[in-house]
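Here subunit A shows up in two complexes: once beside subunit B, once beside subunit C.
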Partner chain A sequence: MGPLARRDARAKLAAALVFLVCVGTTPAGNYQRMAALAVVAIVWIAIARAGLFRSLFKASAILPFPLSFGLISWWVSADPTLAVALVVRSYLSALVVVLLMSTTTLADIFRGLQSFGAPAVLVLVLQSLTRYLQVVVDQGLRMRRASISRSGNASRRHSLWQRAGGALAVLFGKSYGRAENVHRAMLARGFQGTFIALRPHALEWRDFALTAVAAAMSVGAAWR
Partner chain B sequence: MIIEVKGLSYRYSDGTDALRGVDFRMDASESVALFGSNGSGKTTFLLHLAGLLEGEGSVRIAGEAFSRSSAPALREKVGYVFQDSDDQLFMPTVLEDVAFGPLHRGMEAREAENRALELLRQLGISELAGRAPYHLSAGEKKRAALAGVLAVQPEILIFDEPTTFLDPPGQRELAHLLLALPQAKLIATHDVWFARQVASRALFFEKGRIVADGPMDEVAARFDWRLH
Partner chain C sequence: MSGRIGSVHIADGILSAPVWAALDAAAIPAIGLAARRTRVEHAPLLGVMGAFVFAAQRMNFPAGLGTSGHLLGGALLAMTLGPGAATIVLTAILVLQTLVFQDGGILALGANVFNMALIGVWAAWIPYRFLAQGKWKNFGYFAAAFLSVLASAAAAMIEVRVSGVALNGAVVSISAAVFVTTAIIEGLITVAVMQTIEKMNPGWLQTPDTRPSRAMGLLAGAAVLLMAVGVLFISGAPDGLESLVAQLGLESREVVHFQAPMAEYEARIAGGDWSRKALAGLAGLGMIYILCAGVGRLLVRHRSA
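So, the complex of A and B:
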């Protein structure tokens, strides 16, 4: 566990927010400032021991979206500057979100969002969504195992897609049933709409220091 | 009477009549096994007793009828152990999951954690406290789920097919565990040997109705089950 994982989620959320604002306000075409912000992100990934190449790879999952919109923007305006800015901003934002997710549990992030004043309903929806996503993935894996055990071959792409298409409705039907059971289990044990933390974090001076140093680095890089 | 059910009927949204006028009474000192084929209404009946479904008729727990307003308080009296422990274990660690009930019923965090740790110790799974529930074996999950239910100190324990996913040693361990618990128990199961170990009274469900209710041996004899 790296040093960032031990810090309070609120400190990391605040630092990430400052970084995102700096990235978002960097003018298109100011490549020096973008490079400086990239260095800041990489330094924090190294400090967190989150795995540089793994983080860079994970953040690249977002690229198809800004690339598509970037190409449209380039085609419409005939100027690549905006397109490049869109891709770089999106990638740097994704990189810092990957860093946040790899050093903070989802439960802590949700608690942090709530303590920052995010609406309780929104936080509850996000919490339920992640739990239901786990249910869908778990159900999907079960169905995949059942499918492989009966077909004997999971690697043939054609049959895999055929199966996936047919099984999608069943997957969501079954996931809905399981999600309902999870919800019942929560109600049966006293859940009334708000998650309560067993060990709520208390902010320490180290958390404030982390936010201050991270924010200073981001702002310093953005004002070059 | 700890449980009193009168004329309970329930129809699912697809039109299936799961329960048709069920009457049932149970004393606080009893342990009752529920038998019946799949789809006969056992689980639907148990979900009503835990206030997780609302049908026609009345369900009274310790003399108080279930309603929308009374449901949260009455659910405290009923502990429900689901058939699939994966449905029940939803927190990131076993400790947080076991402490979930006490915390959400107003207990202080330190006290809830101590109670959870004590239950994990009693159930012999202290070493699982920091583990993620989905990494446990079926037997460990069942114990963790049971710990989560016992943590709220219910007066009634409901088990929906508790031996599913358990190997024979796991089933024997669970039977010993249940015998040691003082609460009133309802156990839906297909396992006659297990039911015989933990219950003295049996119900038989068929097409949403209770068609047999009596001492385990009598009900078993009526349906020609082998208990030995």
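So, the complex of A and C:
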């Protein structure tokens, strides 16, 4: 576990936000600032021991979106400056989100969001959603496999649509029923409206120092 | 962009600072209001329904020519959970997609929430509200899903265009064709699902508290359609007034009687271009937030009085 993984989620969220604002306000054509911000991101990946090539690869998942708009913009305006800016800004932002997620658990991020003022009901929905995501997705995939096994793919298109629509409606019903069971079980175990944190975090001076240093690096890189 | 055509998750770095800041500031009080109207006890149900939408997006429907489409789910959530709860579930889905799946950006989260969880949900709810009962209900389901996708996509395109990304008529036309196709697929899937849900348990559907009105439903649907399609095409052209002024050769006669404090989205202070734009963005964000918070407080006070 790298040193960043031990820090409070709120400190990392605040530091990431400052970096993202610096990247998001970088004007097209300012390659010096883009390079400086890229160096800052790479330094933090190295400090976190998050795996440079793995992080670079994961962040590339974002590329199709800015690449398409960049190419369109280049084609229409015959100027590649904005295209480069779209791709670089998006990629650097994604890189920092990859770093944030590789050093912080989702549960900690949700608690961080709540302490930043996110509505309690939204945080609870996020927690329930992540808890049951895999279960419901697996159930959906099992139902699809079963449907294909029983009737194949060769029937008329109309019946294929009806069958797929029916399968989705049944999955909806099963999810609804599961949600009601989950709610009843939670009430039976004394659910008071919040999930209990097993590892409650408290902000230490190291967390404040992390935010201050990271913010200073980002703003320093951007102020040129 | 997400791998799903039609559900445009805007990444960070695409929108200009004033656009993402304004949409973040607009989305925050709207989510607060939706959260206030959603009961905490319903959170497990909403969470599992969010997981259902993820699962539904993995199940493909044959769309012809060797292609397939899948449910996006905004309209279905609006019709089964109601607009407030659907907004919360879609916001949770967008947060998770941003953080875990790199689908959309953190600064652009306000824009994505605005497009899909607010515009998408309300564009579905308006026609559903008026057409949900009687013999027009299947058309109501279709219109709700169709308009939800089209309005969200149009809003995303406008935001990208306003942010300075050059789009010409050909690009806008191709995008519009893709969006309309996706919206039709979403409409057909939603009708198929809703028909089965009705047979299984009609109690799962939200019953609008107004009497069905075919005329009002058609009018509301047409208004949303006009807004989505019209604004999409207008956004591809230069500003109408500026274009007229240029054609009439009136630019040289322009007289400035009042200098706005943040004209051209720049704060009039000393410093570099970046600091002026960033300060203008932050000031805009602050002003919109204060305005929204003030209006929200007035509404709450008026309701409790």
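One rule holds in what follows: the second predicted complex is superposed on the first by the 160 of 224 C-alpha atoms of A that agree within 3 Å, B and C clash if a C-alpha of one lies under 4 Å from a C-alpha of the other, contacts with A are read in each partner's own complex, and residues count from 1 in each chain.
Going forward, a contact is a pair of C-beta atoms (placed from the backbone, for glycine too) under 8 Å apart; a residue touches a chain by one contact, two chains touch by 3 or more.
Owing to the predicted nature of the structure, the values given are computational and were not obtained by experimental measurement.
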item	value
Which of subunit B and subunit C A:Leu95 touches, first, second, both or neither	neither
Which superposed partner A:Ala107 touches (first subunit B, second subunit C, both, neither)	first
Subunit B versus subunit C as contact partner of A:Ile196, first or second or both or neither	first
Contacts of A:Ala222 with subunit B and subunit C, given as first, second, both or neither	second
Which of subunit B and subunit C A:Val137 touches, first, second, both or neither	second
Partner chain(s) touched by A:Ala188 [first = subunit B, second = subunit C, both, neither]	first
Partner chain in contact with A:Arg178 - subunit B first, subunit C second, else both or neither	both
Which superposed partner A:Ala9 touches (first subunit B, second subunit C, both, neither)	neither
Dominant toucher of subunit A (residue count), subunit B or subunit C	C
Doubly contacted subunit A residues - partners subunit C and subunit B	131, 178, 182, 186
Residue ranges of subunit C in contact with subunit A within the complex	1-3, 9-15, 17, 20, 31-32, 35-36, 38-52, 54-56, 58-62, 64, 71, 76, 80, 88-89, 91-93, 95-96, 98-102, 105-107, 160, 164-168, 171, 188-189, 191-197, 200-201, 204, 272-275, 277-278, 281
Contacting residues of subunit B [partner subunit A, same complex]	47, 50-52, 72, 75-76, 78-80, 82, 84, 86-88, 90, 92, 95-96, 99-101, 103-105, 109, 112-113, 134, 148-149, 152
Complex contact set, residues of subunit A against subunit C	16-17, 20-21, 23-27, 30, 33, 58-59, 61-62, 64-66, 68-69, 72-73, 76-77, 82, 85-94, 97-98, 100-101, 106, 109, 113, 119-122, 124-133, 135-137, 139-141, 144, 157, 160-162, 164-173, 175-176, 178-180, 182-183, 186, 193, 222-223
Subunit B-touching residues of subunit A, taken from the complex the two chains share	105, 107, 131, 138, 178, 181-182, 184-192, 196-200
